[in-house]
Structure formats: structure tokens, C-alpha cells
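Two complexes follow with chain A in common, the first pairing it with chain B and the second with chain C.
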Partner chain A sequence: MYGGGYIFEEPNRVQQREEQLHDDPEKLAAFEMRIANGEKIEPGDWMPAEYRRQLIRLIEQHAHSEVIGALPEGTWITRAPGFKRKLALIAKVQDEIGHGQLLYNAAETLGKSREAMINDLLSGKSKYSNVFNYPAETWADVTVIGFLIDAAAIVNQVANAKGSYGPYCRALERICYEESFHLKQGHDAFIELATGTPGQKAMLQDALNRWWQPIMHFFGPPDKVSGHSEKLMQWKVKMASNDDMRNQFLEAYVPKIRELGLTLPDPLLNKNEETGRWEYSDPDWDLFFEVIKGNGPCNKERLDVRKWAEEHGRWIRKALMKEGTFEKKAMPVA
Partner chain B sequence: MLLNQLIKELITKMGDDELIIGHRNSEWTGLGPIMEEDIAFSSMAQDKIGHSWALYRILHEELGGEDPDQFAFMRSEKEFKCCHLTEMPIGSYDFSLMRHFLFDHAETVRYNSMLQSSFLPLQQLARKVRGELKYHTLHADAWIIQLCRAGEESYLKMQTALDNCFQLACGIFEAGPDDKLLADEKVYPGEEALYGQWIENIYPVLVKASLNVPERKEPVYGGRYGKHTAYLQPLLNEMGEVFRLNPEATW
Partner chain C sequence: MNDSLDPRINRLKLNKTDDPCKVEEGENWNVFEVFHQEKRGAHHEHVGCVHAPDAGLALVFAKEQFGRRKKCVNLWVVRSADILAFDVEDEDMFANNLEKTYRDASGFKVMEKINKFKAQAKPANDK
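Right, the complex of A and B next:
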């Protein structure tokens, strides 16, 4: 589903910067010229070490976000009310795992294997979108995720699809296409509750109140404190600033939410007609960084599920790698 | 029992099998041993749940049954007619894979037998479902053979899974109240005939995988008459948790 807007920093950045100094200046200039001309960079092309590193980090975090993002909604597949919702939810969660697969493949073209990425996820070295460290407490939470988190992710992904790295852009194009279906389903389920019985509406309002802060966190810290993006924007790794994406999201979705008679838990949330930009209370950024560190309500639970899957699947992966046992035809995926 | 009632019973047990095994398969979403298997199990779960919806719609539209959502989400445990194989928890992947293999071959035999059914809605559904099932059994066969040829550890796991699943799987073919009448009326050939065809179909795959096929000694019956394992009620509670908050509302 979702590449959260924020690319988390890793600790060894200083050392990597040193390496970057050794990039051949002529090659670097030619590379930057290609990007300025709107060309796509492909896997075999020369690229600065820092560009490669940042892209791996970005795509890997996006892939992990898809795989971990399948979990909060996945737990509701068995409880979804009615055939229509049940089938739509399985299909959606399945798509998310599929997006993870596409993205791991895209990241692998930069030289890091899927196994290495998954190991880094499980060890906590590699991050994923914070928003998935919150629980989906009721069915209404599933509809809020399906509508608003997907919508936020689309804002981010549509921007990134115009980036400079070919394999990532192509994966994102396909992902955005599927996401637009998810958004429709999420919107439909959200409206059903918003226009339903008083009980359904109250359930939805509660969920919206719970999710508003994680949604405001979704695009990352404000531009004034999120300093490292200039080079990334020049290289078209990062395509829009956190504040711009957040503003774009608020512009498109706050009116839709309010039209349905729902409220948002921020008295300052308002569009400034003079500047044309949305104003809001600062969400708790200390909490945001605490959740990144692993102290959110569900960090442990999410990773424990992935660890279970890794441990219980080990014998199967081992058996698959066994040489000479495969039949010649390819393994069908149902 | 009247023919219509027998057809209702037949479609109910088929739909319940599909719904419950679909529910179980969907529990693998996010937990699969590799991402490709996660996707495969989710995809098959969707198909199974889709088949149960189609079967309940036949009951509703052709045989005066309830609305499919009410039928699926509101019935009591005793009213369910699924076999015990489908009710068992997912366990580990070897168990779920073996169940998938045995169940999907049984399903294929069943729908194939209905391609000429005198009850037209079943005949039409069988034609549609057949294409999907081909991929389900291809998937199951390929994995069983691969895992059985990849060394002792995985081979032993698969043999144990087969031993654990086999009597339960034989329970799929528990005779209905009057299979002879359904066969005479050419609705379908009856459970014993399906069992024979099923053994004939799975045998070559199991031989290829060097697995020893157990004998049908104590098939696990009861599900078709509303007697279930302790695992079904909690599953139904979970499935209906949201729907039952307000069964009259639309969700």
C-alpha cells in the first residue's frame, strides 16, 4: 500500500558521505545532467554511491511498509462483515504483499538481496512506515485505513513515480493503478459507516479520532526540521517536501470527511484562504520519534509476526533451494 | 426426503466447506513461508469464499434460501454442514498444504461430476469453477512433489501431514441422506463414487512424491449432520463478530 513520506535515517550516514567524495566528478556531472533532462537511470548505469544508498533505503522501507502494512488489516479478513467486504479485503491485502514483492525486486536491482532486506527488517535496522505500529481496534479502523491511509500513500507514490530511478518508477506505476481500486473500496466502506446507523457512525468517529495523529505523522516531520532533502530532490529521489504532500492530502480529503458530518480532532485545522495552505496543530513529534525507535503500541507485535513467519518458513525455503529437485515447469502461483 | 431438499443439503455442505476452508486459508495472509505463498494462499482463499457465495446465492435465488450474508454470518454451529477437515486450525504450513492438496482434488472431482448435472445452476457453476481449480491443484501438486523430493526433513513432514489429514479428508465423502436418489436423478453421482475418483486422481501424485497412502480405516464423519470439532464455534464467533453487531445494517 504505502510508502510513508518519511525516509528514515540510518546511523552510518557520515561514513557514506566520505565515500561520496570519491565519486568521479565528470561522471557525477553527466549523471546529474541526465536527471535534469528528465532521463531515467537504469540498473546498469553509473550512479553515485550516495544515490544508490538512498534509493535502496527508500525502496526497501517502502517494501517493508507494504509487507508490515498487510498485518493490521489482515487481522480483519476473518472478521469482515459480509461477503463483499471480505472478498475486497483479502484481495487488497494480497495486493499489498504483491507490492512488497515488486518493490523488493526493484531494490534488488541496486544490489541488496531480498533476504538481506528482510534480515534488516527483523533486526530492527531497517524501518517501515510508522503508521502500521498502531492497532486497528474495530472494523471502522479498517475503513479509515482503507480510505485515508491509502489516500495519503497515493499522494506520496504518485509523486515518487515521477522520480529518476526506472525500476522504482515502473513498480510504482503499477502499484498506483491497484491502489486506486483500494481507495475506491476504502471510500465505499467508509461512507457506508458514515451514513449508517448511529452506532456505525459513532464507531467511525472514534476510529477517525484515533487515527488522525498517525495520519498527520504519515508524511514526516515539518520541512523546517527535516533538513536532508535538497540533494535528494535534485536527484529526484524525493519528489515533494513533507509539508507539500501533507497539504495536498488535507486539501483533497478534509472537505470530503467534513461533508459526511464527521469531525476531526484538531480545533486549529483550517485552510488559510490567503496563503491557500492548511494550518493545523503540530502533532506530537516526540511521539513520532519514539515510535520510530520501536516504542509504538504495536512495533513488537508486528515484528514478532514477521519473525514467526520467517522461522516457521525456514524449512520450506531451504527445501526450495535444494538443487535438482525442481520439475522443469515453473512453480505455479495460484 | 424430497429431491429439492436433498439438493439444498448438497449445496449447503459444499458452500460450507468452501467458506470454512477459505476462512482458514485466509489466515495465512501475512504469515506465508515466502511472499509468493502468502499471495497464493490469499488468492485461493478468495476463490473458495467466492465459490461459497455463489453456492449460497443458488440456494437463495433458486431454492428459497436466505440472503447469502445472513446464511453465512448468522447460522448456528449445528446448522453448518462442513466436514471436519475444513475446520481444523491452520497448524503449520505442511498441514495446511496437505489439506489444500486433498481438499482441492476432492473439489475438482465434485465439480467435474457436476458438469452434466441435471440441476442447471450447479452445472453452470461447475463450468465456471473448473478453470480456477485447475490452478489450485497444479499449485498443490507442484509443492507436494517439490517438498517431498527436497530431503528427509521436508519429506517426513509431508508424510506426517498426510497421515494426519487422510482420515479427515475421507470425511469429505460422508454419505448424504439419500445419495442414490441424487444419482438416479443425475444431480451428481453420490459421495462414494466421488471418493473412488478422488483416490484415483491423488494416487499418482502421491506416488511421484514417494508418499505412503494410508488406508481408509476410520474416516472422520459427523460434519454433514451438524456434529463438529471444538474449532468451529470459535471460528464462527470470529467470522460473525462485526456482522452480528447489527445484522440488519449494511456494512
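Right, the complex of A and C next:
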């Protein structure tokens, strides 16, 4: 994973709109023309203040989601059933942390340091994908995450890879390549349970029931309420609407779940053959915003683990620093 | 107070304090660009960067990050601050490259001239 499809908005937008007014209109027009022509924007290029701000927010949240997303799965490495599953899970979790680093680097090219991003994560100012505030109770949860959460993330990441910011696109190209392995190993483990003993099937069905609502939340609130994304779409920061991505996910994966004899806990979930779009019961959006605020089952635990890692890793980070380590510190160049 | 399902977390006894944790600027070290060589004889290509306290560890991290899958025979790292590049705003200095046909094989049409010569020479040879 895990580019959460939904990027959380910060409250202090007013000041940013002021900055926006100071963008040079000629430069802005040239910038928008380049994007309309399918050109990529690179770190040293002129860009509107709001474009920079939105991209930092997007890429930073994506990076945090990769790192925090590795936690619910990481804790299952010691309990993975069998040597091959354990190897695959270790490889996947390492990939996710690697994705986090690629993305922190891409965000740094826009001028925000990795330390500042980590501090904003730890203080709760900066968010990550909401799905990782739920626990992985059994091994079946791990297979649901590996198969369906990674699948949802791929829908989002493949879309974003066609965006306008060069360093983000390049990071996503590499990420999408690795995600295809995550999806496949998740699907394989998922099928093994779905076609296994009655106990395994029941365990998987339970996990699916638990995860369905967080999965429906994954792409964010419906288009009719999420609003103000036209500019972001024009700038190719946001590449597809929440509802379109959700529909694409349902179209591809609901059949793959149902063909295994599993059910989904939504009686209204169905494809409308006339419109070609999926229909479903509205998930509980109040709950979604409650969890974003920090009141989900695992929010505190996730941040506590990150804090613990920062605090207990500090001595070795400092021990490795030599005189002059930061001489000529610079942000990544591309 | 910890009712986590995660055995690791229960062992760590997290949640002991709510003190804020702050990472100092520079604590994540310096930035190095990484260049990857896929096979002997190929160019090293830029693939991304790593944070490291020095070039030696940057190589170790680069191997972990960019050499754990697919073919790789060698890596280079160089401190990002040591990369010298043109300003992207100066891109127009390369603008007329494509007009310099005198620098290009395609700018020289020898066959046209040879064929013309052969066509003229033919009647003379026929005598």
C-alpha cells in the first residue's frame, strides 16, 4: 500500500488562499499550459504556492500511510503460518517502509524536511490513511489487508502515477511495480483460507465483515460532499474522483471475492447494469471523521509505536553522526 | 491500560508517558543521490536517494533500497549537495539543438548526389 485515496484537509486554508493571490498570473498561465500539454513539473520549476502546498500534503500523507500501514502487518511476521508466508510478509513489510522513504524523498524535493514531516505525524497534525487505525485481529485480517487494501491502494497509486509532479510519478512507478507482488501474495493467502477448512473459511469471512466498512471508507467521502477538487484535478494533483476510484475498485474486486463463495456485509451492494456503476449502502461517514480525529481503535497505539521507534533509535542515529555530517545539507535533487 | 492485540506492543509497555517526541532538524542525516548499474557495461542510472550519515552507509542503505530486487551489479552514491545542475528555468539554452543538422548524420544527403552523378555519367559510359 498505501496511498490512502483520501487526502485530509487542514483547517488553515485562509492564509494559503492569500498567498495564492500573489502568484504571477503570467507564470501561472504558462504553468497550467504545461500541465495541460502533459508535461511534468520538476523540483526547480516555478509552481503556484497552493500547488506546492497540496502536493506536500498529498505525498507526505502517502508516505506516513506506507510507514504506519506496515505496523498492523509487521506484528504478524512472527506468527505467519509457514516459512514461505513469513518470507513474503517480511519482504512486503520491507517494501512498504521503502515506499515511505521514496515518498518522503519526493516530498522533500518540495522543501519540507523529513524531520518536519515525522514531527507532524507524531504530533497528530499530519494524517495517514484511516484504514490503519483498525487492528489485524487474526491471520485472516492480514490476508484481507494484503489482498484488498493493497488492491485499493493500487487503484489510487496507478491513477496518481499519471499526475503532473515528476518526482512523485517516478517514485510511484517503482512503488506500483512492487505493489503487484503485494497484491498477488495477498490474493494467494486469501484464496488459501477461502478454499480451506470450514474453520479457515469462517475466520476469513469474519475478517472480511470487519474490514468492509474501512475499505468502503478508503477512497474518502462521496463526490457530492467532498468538494473543491476541481483545481487539483486541473493541476493533475488529484487524478480521479473518490467515487470513480471506489467504483473501479468494486468493479475489479467484488467478483473476485464472490467467486470464492464469500459474502460482503452490505445487502445493497450490487452493480446497476443500466448505469454500469456499483451501488451500495452509505458507510458511516460520521465514524470515518471520528477516526480521523484520533478516536479510532488503534490511532494512539500506531503513533505510540512510531514515537517509541524514534525515541529508541535516537542514540544510534546520533552515534553514527560524525563531524561535518550536515555540512552542505541539501534536499534531494530529483 | 494497554489493550492492544499486538503482542509486541504489550511487551514494549508503550503509553508510559504522553510526552511529545520531537525529531531535531538534521537528525535524519544528509541526503545522497543513488545511481544504479543494471549490468556490466551499462551506464549508472539515477534511481532516487537515501538519507545517511556518510557515503559508506549511504551505499549500504542504497543496496537495501534499490538493489533488493531485479538485476544490479553496482551502485554509486553522491551527496545531493554536490550535484551541480543547470537551472531548470534556463532550459531554453538547449532550444535550437534540433536545428543543428550540420552536427547530425541525417544532415548529409550523399545518396542524392551519388545518384545524380550516376545518372549524368551513364550516357558517356554507354558509348
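The rule is simple: the second predicted complex is superposed on the first by the 323 of 334 C-alpha atoms of A that agree within 3 Å, B and C clash if a C-alpha of one lies under 4 Å from a C-alpha of the other, contacts with A are read in each partner's own complex, and residues count from 1 in each chain.
FYI, a residue touches a chain if its C-beta (ideal position, glycine included) is under 8 Å from a C-beta of that chain, and two chains touch if they have at least 3 such contacts.
Keep in mind that this is a model prediction, so the values were computed, not measured.
S.K.: Classify the contacts of A:94 with the two partner chains as first (chain B alone), second (chain C alone), both, or neither.
M.R.: Touch partners of A:94: chain B and chain C.
S.K.: Touch test for A:320: chain B only (first), chain C only (second), both, or neither?
M.R.: both
S.K.: Could you say whether A:111 touches chain B, chain C, both of them, or neither, answering first, second, both or neither?
M.R.: Touch partners of A:111: none, neither chain B nor chain C.
S.K.: Would you check which partner chain A:197 touches, where first means chain B only, second means chain C only, and both and neither mean what they say?
M.R.: In the superposed model, A:197 contacts chain B only, not chain C.
S.K.: After lining up the shared chain so the two structures overlap, which partner does A:119 touch, if you call chain B first and chain C second: first, second, both or neither?
M.R.: second
S.K.: Have a look at where A:261 lands relative to chain B and chain C in the superposition and call it first, second, both or neither.
M.R.: neither
S.K.: Once the structures are superposed on A, label A:294 by its partner contacts, choosing first (chain B), second (chain C), both or neither.
M.R.: neither
S.K.: Taking the superposition as given, does A:137 touch the first partner, chain B, the second, chain C, both, or neither?
M.R.: second
S.K.: Could you pull out which residues of chain A sit against chain B in one structure and against chain C in the other?
M.R.: 78, 94, 98, 101, 305, 308, 314, 317-318, 320, 322, 325-326, 329, 331-334
S.K.: Touching residues of chain A toward chain B in the complex: what are they?
M.R.: Contacts found on chain A: 67, 70-71, 74, 77-83, 85-87, 90-91, 93-94, 97-98, 100-101, 104, 139, 189, 192-193, 196-197, 199-200, 305, 308-309, 312-320, 322, 325-327, 329, 331-334.
S.K.: Would you tell me which residues of chain C are touching chain A in their complex?
M.R.: 2, 4-9, 12, 14-15, 20-31, 33, 46-51, 53-54, 57, 64-65, 68-69, 79-83, 85, 87-89
S.K.: Please name which positions on chain B make contact with chain A in the complex.
M.R.: 23, 26-27, 29-40, 42-47, 49-50, 53, 68-69, 72-73, 92-93, 135-136, 138-139, 142-143, 145-147, 149-151, 153-154, 157, 235, 238-239, 241-243, 245-246, 249-251
S.K.: Which bits of chain A are touching chain C when the two form their complex?
M.R.: Where chain A meets chain C, its residues are 42-46, 75, 78, 94, 98, 101-102, 105, 108, 113-116, 118-119, 122-123, 135-137, 170-171, 174, 178, 298, 300-301, 304-305, 307-308, 310-311, 314, 317-318, 320-322, 325-326, 328-334.
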